[in-house]
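Structures incoming, each one as structure tokens.
You will see two complexes here that share subunit A, one where it goes with subunit B and one where it goes with subunit C.
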Partner chain A sequence: MKKIIIFIAVFFLLGCSNYYTDINNLAIINEIAIDYDLEYKVYVKVLKNDKESDIFIENGKTLDDCFSSLNNKLTKKLYLAHLDLLVLSDNLDKENYKDIIEFFLSLESSRNTFDTIITNKITEDFLKIDSKEIQNLLDLSINSNGLAKNKSFDSIIKDILNYRLSYIPYIDSENKEVLGLKSIFEENKLLDKDSSITVNFSYNLIDNITLLIDDKSYKLESCSSTNLIDENKITLKVSCNYKGSSKDKEIIKTYLSDAFYKHIKENSNNYFFYLQDKYGKKGHLELLYDLDISLMKESSGDYFI
Partner chain B sequence: MIILYKDKYTSFELAILIFILLNSTFSTVIINVIKNHSISEIIVSILISFILGLIYLLIIFKNYNEDLIESLKRKRITSIILITCAFIMELFFLVNSSLIFKDILLPSIDNKIIILVFLLAAFFLASKGLKSLVISSNLLFIIYLLIILISFSFNILNVDPINLLPIEFKINKLPFMSIFLSTISPLLFLLIIPKNKILNFNDYKNKVKKTYVIFYIYLFTKILFIISILGIKYLSIIKYPEITILKSINIFNFFERLEELLIINIFIENFILVSLALLYIITLTKNIINFKFTNYLVLLLIFILSISFNNISLTLFYISNIIFIIVNLFNYKRKYRS
Partner chain C sequence: MKEEIINYCGNSEDIVTRTISKKDYVLDIIFCETLSDSSFINELILTPLNINDNKNISEVITSGVLKEIDDSLTAADELFLGYTIIILDNNKIYGIETKKDLDRSVSESEVEGSISGPKDAFLENFNTNVGLIRKRIRNKNLRLRTVNLGSESNTKIGICYMNDIVDNELLNKVLEKITSIKNDIIIDGAYLKEQLSLKHLFPDVNQTERPDLASYALLEGKICIIIDNSPTVLIIPTFFIDFFHTADDYYQKSINTTFIRILRVIAFMIAIFLPGYYISITTHNPTSIPTTLLLSLINQHIAVPFPAFFEILLMTIAFEILRESDVRIPNKVGSSASILGGLILGDAAVAAGIISPIMIIVVAISAISAFVFPYNSIVNLIRYYRFFILLLGALFGIFGLFIGLVILISNISSITSFGYPYTYPFVPLIKEDLKDSIIKTESQSKRNPLLTKKRER
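Showing the complex of A and B:
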């Protein structure tokens, strides 16, 4: 009798063979780009093999319409677990972002750990760039000019849920240049370079940075930042090492603190208010900046005697 | 056909089974219950349910029935109540665990097929007897523990303590009853083990208490871990938070896509639970209706009911839990008085 039971159980497992999908029947989506102009325009990059890929463009009133018409066009099953990059257009608004978040959260196959960027103009040429190149571009940016770091879709959802604002890396599609961060959802604004650097410092994303002040470059190393919450103030405390003179140190301090105060004057300070709520503080808190630069001695020359 | 027990049970092997049983309702009940509650509410609920559960276990073990099956032969009404409650709980566990496997592993397969195969496998294990079930749980525990260690250690860098703030003391509604009911009721299925079949009963009592304490420390740590990675707001909108936290693991671009590993743990927990509940129902049913095909009748009934109801309501599950817990307690009290 037990053998019959096992046989029945195994027999039903054969039903899974109909649902087994050969890898050749999967449309492995590597990149998605979303644009909106009265209706959604979705660009989807599907991998053919290691090196080649095809780009498909679909239009629709909703994202579900776009993807279902793509599903009908391709004879393959859409597979989103290998999605590496989501490119968003500059002209998306709050409602579009809500739709995009709901769409990806409703997909069980989507892992939501892919990188997200915003660009001014989505073109097929831009999508032909490998997602790894974009990631390398952002890695280079955060380690050199401190403008933008890779941002996963997961962290964007958390930012929007927690303080209704998120900063996404902005890349110029023609020059393939990282221009900084764009704040989305409650605000819809491309931050200037100084503001982008300030935001990255407040999130403690900057390790090394080269600042360009009056055509002279200053390299700061081993940077770390913390947000200190007191009774009536929040202080962004940044500490880093610098090889140079005291005079340069003062120039850097003035530059970065001016950038900070300009940023809090001209932009939403939702992140700081979020921190304020988290630490249980009420009322209006003063936002302050404290930069501590440790001067390192320049190397004396040859180590080999 | 059903063999209740072949040999005696050591307290260590039962303790391992108890740990798995205590964890078995996390993915179906506890994680859904703690959503939309603040950290302070969750902490207080865990404390209260721990205390309630400990008191309940102390009472149950003080008046442990020498042989529950024998004593229930004279109490048909009590047997019927216990069987009905166990039936509802079994349906709840079976339907919900099959929904999890359908969502994550087999989205294209009909739920009925998943329920059938899962139920047949659980029936096969139950038919081997409680001893086999205990040994299976002990063997699977090695993989179970390894996956827990991987989940914690690889995710430690994603913890952000700021997600635990603010710790405000605002208590509106505490989900302690849900946590208490869903952790205690699976343990009561083990009351079918006669006292004389447990080697060193006093050692077993102590091990149960220790396992219970260890479980609650683990539960507390696990919930705080999940919240510190996801945050309360993100936790409340995701379907399977404990699996989502594993999606963000990416170490040296080598250790990634580890979320599939946790499905193994969810499978082990639910498989052991469903098998044990089935064994409990069949054993008690044989007290009332004892003929050759009792166990197959029970199997058929569970299958038909599980495919008829897409969802067993949480309220019905809690009511059956409460009745189950009270009847077991009342059952022991009567024994103590007589």
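Showing the complex of A and C:
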């Protein structure tokens, strides 16, 4: 009996032995950029060591074609578990996004936790930038102007599955500057700065922010936002600490109210899906937005908005 | 009669005979010059005989051990035990102990060293070994039973126990097992150990060359087997946790002992699992390695023409050969052999691109971790499991390591040592004895609750 159990166990376990690959037969891919112009153009950054890397460019009808030809060229197994950054071109459409998601989900070695950005022009030089620099750029952005934060590929898939859209950080490849968020999948548009800030507030991504209103900067600290739903009324409540005068607070309040209402008016359908999913409401939900922005005096010079 | 005895001894050339004719009687003196001390013979036999004409030998010779022997055959046997045989008028045979001291003096243990504990160790002499234990336990309840084993070697075996602590059931079981051994030769404790052990890799009979550890074991309720001509004493029963204890544990603060024991458990896991873990994460699960480290490993391995599994197997086997040669090699050339094998060959192998540096580090850490244990039997166990886990890791990755861990735990759990669970005191959990398991706390009694419980019942 013991021998039979051992035989059966070994028989089934032998399948695992096919996964044996020596590490020197792995091509460690650190960054991938995908562009589309009648066919896919894929840029792949393969790490040689800490400081050196090679960039390979492949064209193909499908992403599989591109990676197959790259595989043949490298004679190594493409290893995507250490992928840090996926750069997408801003000319990709809904079908391209479907292809990309399908491709990465089908890959056994991909962990899908890599950051994803969109850029206006993919170049070899842009890919030479260390992925950590891009991540730092986004970290800096969310903590200063509140325009964009790092977005993982996993959360993009989740957003698309839940809301049929996702907001991805958009970086200008020439100036290496964060421009804001781009809404992808159902719609394909770059949000303006105010809308990007509003989206980040509604997702509770902003902790500290410096608002630039009429060439004057206002620094808000310890920001947090919550969504409250009461039958058919949805309230987005934002609170921040601000050290300054009451007049300044009124200016900030007016600015944020305008930005929120403008964005809600232009993108109301998205909020609907987001909040309906979050609070588990089924069926038709009548939306009434009541942005509750209140000004509270905490101590001398410190206020909540 | 004299000729008869010499014939029994096969006319061996180290048998010396001398005839002394007195006024009323004739004495034939026979002794083995390689086993008997000539100064004893002069002092105890020849001098008293010269100055005394009394025919009553037992009155003339004042030696402590003098016995009358019935026949020539027994006399021949006694000759080889270091006795001098005196034949009076070709009729009566006497045996006087004139044994030469062929043993070394009590010295320090070479295998189970101690920083602050006692330095004496067991010898090849049975009586000295018993004395070293009695010196520590001056108690009438310390009992010794002896049996002779080995049809050819006729080796004296002593079964030592504390009469007021030992479990009688265990004692009977041990006695029964020892008396049933039918070997023709018992030269060392290892012969007996193999007969007493069950047929599995795990050591269930421990051995020590330290009298203090043997005394501790006796006070716990264990039984010590002392073998003549063996510098080690066997301890029965033995639990898996015993191999994580060393002599020094009892000569320092409890907190230090606890720390060292935790370290030993970690070392045990490292010694068995590290090569397997390395091979599994590099060949099956590189996802778990940070990018920078992975790149460093790739760059180290890139010039090596062999697969990682073959490389680590080669290194492990090379290490085992080196270790074995180090044990066999004479001390005077030992250090140069270690330098040649360890440093020069290792360095040259890396320079030649046969082995990657990380592989040397992995095998070295694993090997050093095994050296934490002073007991060779547990080191052998580590060696076999290391190869087994390495194979599982290469075949199935991290999943294989878990299979190996399950097999290791199930094997340990399924063993008993003379009817006692090997996993004591964890399974079955005996809280009273957890105080001297991994964590050591101050306690006044060494008694083992599991071993003494049956007796009390």
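General observations
Following the convention adopted for this analysis, the second predicted complex is superposed on the first by the 251 of 305 C-alpha atoms of A that agree within 3 Å, B and C clash if a C-alpha of one lies under 4 Å from a C-alpha of the other, contacts with A are read in each partner's own complex, and residues count from 1 in each chain.
Here is the rule we use: a contact is a pair of C-beta atoms (placed from the backbone, for glycine too) under 8 Å apart; a residue touches a chain by one contact, two chains touch by 3 or more.
No experiment lies behind these values; they were computed from the predicted model shown.
Judged by the touch definition given at the top, the superposed model places A:Thr113 against subunit B, while subunit C stays out of reach. In the superposition on chain A, contact is made by A:Leu26 with subunit C only, not with subunit B. Of the two partner chains, neither subunit B nor subunit C is touched by A:Ser89.
Residue contacts after overlaying the shared chain place A:Tyr79 against subunit C, while subunit B stays out of touching range. Contacts of A:Leu47 after superposition on the shared chain: subunit C is touched, whereas subunit B is not.
In the superposition on chain A, contact is made by A:Leu161 with subunit B only, not with subunit C.
Within the superposed three-chain model, A:Asn200 lies out of touch with both subunit B and subunit C [touch as defined at top]. Subunit A residues in contact with subunit B (one complex) as well as with subunit C (other complex) are 13, 16, 19, 81, 111.
Subunit C meets subunit A in the complex at residues 282-284, 286-287, 291-292, 294-299, 301-302, 304, 307-309, 394-397, 399-400, 403.
By the touch criterion stated above, subunit A contacts subunit C in their complex at residues 13-14, 16-17, 19-24, 26, 28, 30, 47-50, 79, 81-82, 84, 109, 111. On the side of subunit B, the complex with subunit A involves touching residues 1, 103-104, 106-109, 113, 116-117, 120-121, 123-124, 127, 162, 165-168, 230-231, 233-234, 237-239, 244, 247-248, 250, 257, 259.
Considering their complex, residues 1-2, 5-6, 8-9, 12-13, 15-16, 19, 81, 105, 108, 111-113, 152, 154, 157-158, 161-162, 275, 277-280 of subunit A touch subunit B.
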